[in-house]
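Okay, so chain A shows up in both of these, paired with chain B first and chain C after.
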Partner chain A sequence: MLLIPCPWCGPREDDEFTFGGEADIPRPTDPDALTDEEWADYLFMRDNRRGRHREQWCHTAGCRRWFIVERDTATNQILGASTYDASP
Partner chain B sequence: MSQPFRLNRGGRIDRHAPLQFTFDGRPIDAYNGDTVASGLLANGVTLVGRSFKYHRPRGIVSAGAEDPNAFVQLGHGARTLPNRLATVTPATPGLKVRHVNAWPSLEYDVMSAFGLVAPFIPAGFYYKTLMWPRRFWPLYEHFLRHAAGLGHAPDAPDPDRYDHVHAHCDVLVVGAGPAGLAAAHAAAHTGARVILADEQAEPGGILLSTCEHVDDQPGPNWADATVAKLSAAPNVTLLPNTTAFGLYESNLVLLAERLITDQPDHAGSEHGARIWRVLPKQIVLATGAHERPLLFGNNDRPGVMLAGAISTYVNRYAVAPGSRAVLFTNNDSAYRTALDLTDAGIPVAAIADVRSDPDGDLPSEARAQGIPVYPGAVVRHAHGGRRVAAAELCSLDGDPLGTVECDLLGVSGGFAPALHLHAQARGPSQWDPTLAAFAPKPGHGIHPAGAVAGELELAATLRQGTQAGATAAAAAGYSNGNEVEAPGANDSTQAPIQPYWLPPGNLARAKPQFVDLHEDVTLDDLRLSLREGYESIEHVKRYTTLGMGPDQGKLANPLATGVIAQLLGRDPASVGTPRHRPAYSPVSLGAIAGRHIGPLADPVRVTPMQEWHQVAGARFENVGQWRRAWYYPQPGESMHDAVARECLAVRRRVGILDYSTLGKIEVTGPDAGEFLDRVYTNAWKRLRPGRCRYGLMLGEDGMIFDDGVTARLDDQRYLMFTSTANAAPVLAWLEQWLQTEWPDLRVYLTSVSEHWSNIALAGPRSRDVLAAAGTDIRLARQDFPFMTFREGHVAGVPARVFRISFSGELSYEINVPADRARHVWEALVDAGRPLGITPYGTETMHVLRAEKGFIIVGQETDGSVTPNDVGLGRLISRRKDFLGKRSLSRPDSVRPDRKQLVGLLTDDPAQVLPEGGHVVDAPGPRRPLPMRGHVTSSYFSPVLGRSIALAMVAGGRATLGERLHVATLHDDRWLPVRSCNPVFYDPQGARQHV
Partner chain C sequence: MSSPIPRRSPLGAIHSAETSPPAGRLIERPFLTHLNLRLDPHDAEALTAVRQIVGVQLPRTPNTTTVTDDLTVAWLGPDEWLLLDESHQSDALLVDLQAALTGHFASVVDTSAGQTVIRLSGPSTLDVLARGCALDLHPSVFPPGACAQTLLARAQALLIAVDDAPTIDITVRRSFAPYVAAWLEDSGRDFGFRFPTSDTA
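Up next, the complex of A and B:
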């Protein structure tokens, strides 16, 4: 079980949350300007990083807010959580 | 004769509370405080089971959760519990205990012929027979399954109650032996909230088994006093009968608490269980250590017992596990057992010690008592059949030292810390040569104390426990200097252990020598595994099934590490130990399921009209968690008859459908239109208030995700309908984009699915029914045209009425507050009765929409279908971007041979195609036949008087009218069909516009 620190509700068990994949992948502002390869890269390619990983979570069974969790994918240790406002 | 092996004095049993249980129907006299195992031993019962593979007779080996043999079946009928250990089950009045894995009886086991005919099945047998000869496998399987029975499941639903408890605490202490009690006491003293869990009925652990003193009083008295103090403390939760069986991420610890009944006729027996999910801030592990067995020939004979267990039976239960003992050891602890036996009047005929010069305090004391000690000696072989009869001693060089008669052979190969929870917490371990075992590396986040930390001396254990409790409490924020002094005990010095794994030279040839008693894994099996290249301990485990029994190899694994290291000529540290996985001890499935069974397994959602549907005789179908009215058969009607009647009623007169399950999301705010523009393929900003539009939602991959009608309620407010199954996923999807990507949009999303019930009237007379039910909405065609919505009242209730249609008929979808929906429904039915109104269910709804070629997301689509594939390319806006748009121009999205939605008409109009049936050009001998597509929906259409089907066919739209074939699912036939336009009925859409 992961104890996920929701920035609004505090630490809760992971079954209250939905995983939303890697964070910091902004939607291209002008998709039509992209080549097929560039679009596919945005759509499908993820880093699958070992170690520190910024990822999106939603507190589905709580406040329903999306936020960013930093997690070590090797140890599953959660290193922190932040709201989108606070994100770079 | 009762309890011939009960000692006259001592023990923690209550001699004033005799009780009787049965073993295989035979009455067993015991006392309150006994376990099943101690009760059996008191009555001289040593044969308790047959082994898993060879059905060799087996006896009680230990006095705890590590026993590989003493698995029994408890109780009977619905309450029976398989896989329980006699060594930890309290003896209770009337308890029915049965052996497992022997047939027809323990004494005359047919399967032990297995052992006579084919003496030993080599490791890897299962794998090899699976490979070759394969055709014999069913035979082997039949035989092995019968041979490998381990108890049986209850034959009726379990009447006991199982619950899950979620708990938090500052310090969880696992194990209530000396270290655990000291730790709990120290932690509780600081004011921290403490949970102390122990697997036994009585806290105290090893203190109950020895004669050692703590704080100048007998160990058990100190344990009782400490437990009394802890029970009185408001910040301590004491959980006896509770096994911590798994430790997970975030230090979540699962405990299984066996619930003990106090009902008079079976007081003390187990009725149900509780799973505790505990999230402690800090954990103190005081899980103790397991004594290691030793290898010699026939080391599995009943009467061969761990030395420590012998002390436990003598001291704690006042039972003599035998009448003449031999001990075999490589460390000092067995001498304590020798002294315990001597004290109890049980002669010790010999102590074989592999060490050449055992000279510690305990060996000296044993010698002084006149016990014959054989230094540098080992047991080569145990004689005897159903019980050990003698031990054959020899020197380490193999020189015979004589055969000593005995019926009890105590063994001690040292102690291995019970690292299970420590390892599950990812605690690092290291090889400790003074223990000849793995022990935790110090300084990890959880706090091991006592034997689990490799500390076998009582005084040091108490100091360590006190220290661990204080440290854990401080780490949890309770460092108020309120420290307690560690309880005191005598320090004794023990001479070092001398590791003994593989019997030297010819001694290793004595057969059989069991490494894992439960799984019948022998020394030869380990050798074979290594010879065949399976050298990693994890490979040895899988090849031989080492440690795979319900005992989790608690005794076998630490022994195997040393044996494998020696066979490979390597350092045990590099061999390691198999991964310690939960559960530490068997946990019943009922406990794991808890209350999540039957109707509580998954919520059932019903609409406000549920009771009405039931009274009307509806059959129901599950749609996700929803129970929906499927069809309403009248007396004598088949499903086919009922659906045909309902379909024709809608096409000719009027029908009424409970469509409350549709997802409904209100999208409000100044930027709501812009938001819809981004998530739907078509344009929304210019939709006028009061109008409705059908929309398609795509994933970013361009594939259809959901569809439905959205109405503009007013300038800044839209109501979006989603498909029933997608209500939650669509809301989550919209929220994600809004929150993560477009936080600048001023848009708010609210699920109103359950606030508004939805009643659909459909059919040429639906306008008349709505008028007759009473409404202030003007219904004339020009006042309330198709694809608009009006607010007003229906049957006196505030309503939003939508002129949208999923049947192709004149239709009104009437949204009313859920608490008034039943009233409105009944008013409409009453008003419609003279017009022949007919309630219809989901099946008719599906037929009607298929006649119109309307898709259902998830039926025609499967996550690989674009709007163009289903003929909805016209809904794709060219003037704006939207989610998924870029993907629609990827090369794969514009292939001309993509599967496309077509209709299929069978040559035989009565033939209904199987849904899921493969579509091919022509049947032929080629296998596999090239597949053109598949049937997605298929029904008999009553209004058309023939079957219809929708299908996804490669390149299908360009070749309408072509001859195709569909495979039947159950017999090898091909049904000839022709493709056609997927709109079978009223292709101009005239009927919904009237």
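Up next, the complex of A and C:
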């Protein structure tokens, strides 16, 4: 059981959240200009890194907002959470 | 003009039988007006317009409510609120808000028919809820005026602390109401809660 700190609602059980994958993947500004390889890379390729990982979560059963959580993928330790506005 | 089709609340307006000693009671609060309000919280003009209609500021602190005589405004998100109106003025509030927010990036949706409110009250209330809800609802951290959207027995619910009896209002979707009421009955049995479920109401 993870205790995820929603930036609005505070710490809640992970039952209330939906996982949204790796964060900080910007949508290409001009998708038509991309090759198939570049588009596939945007859509499907993720780092799957061990250690500190910035990822997206949605507080589905609560305030229904998306936000960013930093989590250590090896230990499952939650290192922090932020809104998109406050994110670098 | 009366409606040609009699309206029915999801739980048939259940009322619990009095218990002795009074462990607590459960009632449905049927036919409240539920309005879901969304607007840009940076739009000062819209906030002012809403305040003039509902009489109070929209709560900006997460998981809090503001309450007037017949209206409770609950925070649902940074740009989303639920208005629970007990005045039974049918569409008046909806119409007023929609008119005031025309031209603003905002929406007002009447969800009255889609959800209902179950009120649980009495000394054992928190024990009953604790069997299906992970949140700490003790008045020291969840005082009257606090609200929280969470899972109650795996059903999405909005909990509002009404007073320190304690009384908790549970807003659930219409289709979940019979399940949640049955779960509350089951959970409350050990604490002396007794009430008819929707089947027997």
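Throughout what follows, the second predicted complex is superposed on the first by the 88 of 88 C-alpha atoms of A that agree within 3 Å, B and C clash if a C-alpha of one lies under 4 Å from a C-alpha of the other, contacts with A are read in each partner's own complex, and residues count from 1 in each chain.
Rule of thumb we're sticking to: a contact is a pair of C-beta atoms (placed from the backbone, for glycine too) under 8 Å apart; a residue touches a chain by one contact, two chains touch by 3 or more.
Values in this document were obtained by computation on a predicted structure and should not be read as measured data.
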Chain touching more of chain A, residue-wise (chain B, chain C): B
For A:T18, decide between first (touching chain B), second (touching chain C), both and neither. first
Just chain B (first), just chain C (second), both, or neither: which does A:R27 touch? first
Based on the superposed arrangement, let me know which partner A:A61 touches: chain B (first), chain C (second), both, or neither? second
Could you tell me if A:R50 is touching chain B, chain C, both of them or neither one (first, second, both, neither)? neither
The intersection of the chain A residues contacting chain B with those contacting chain C is 64-65
Contacting residues of chain B [partner chain A, same complex]: 248-250, 252, 279, 426, 700-701, 732, 735-736, 739-741, 743, 881, 885-887, 890-891
Mind listing the chain A positions that touch chain B in their complex? 1-3, 18, 20, 26-28, 30-32, 34, 36, 39-40, 43, 56, 58, 60, 64-66, 75-76, 84-85
Would you mind writing out the residues of chain C in touch with chain A in their complex? 62-63, 76-78, 80, 134-135, 148-151, 154, 156
Within the complex, which stretch of chain A touches chain C? 8-10, 12-13, 15-16, 61-65
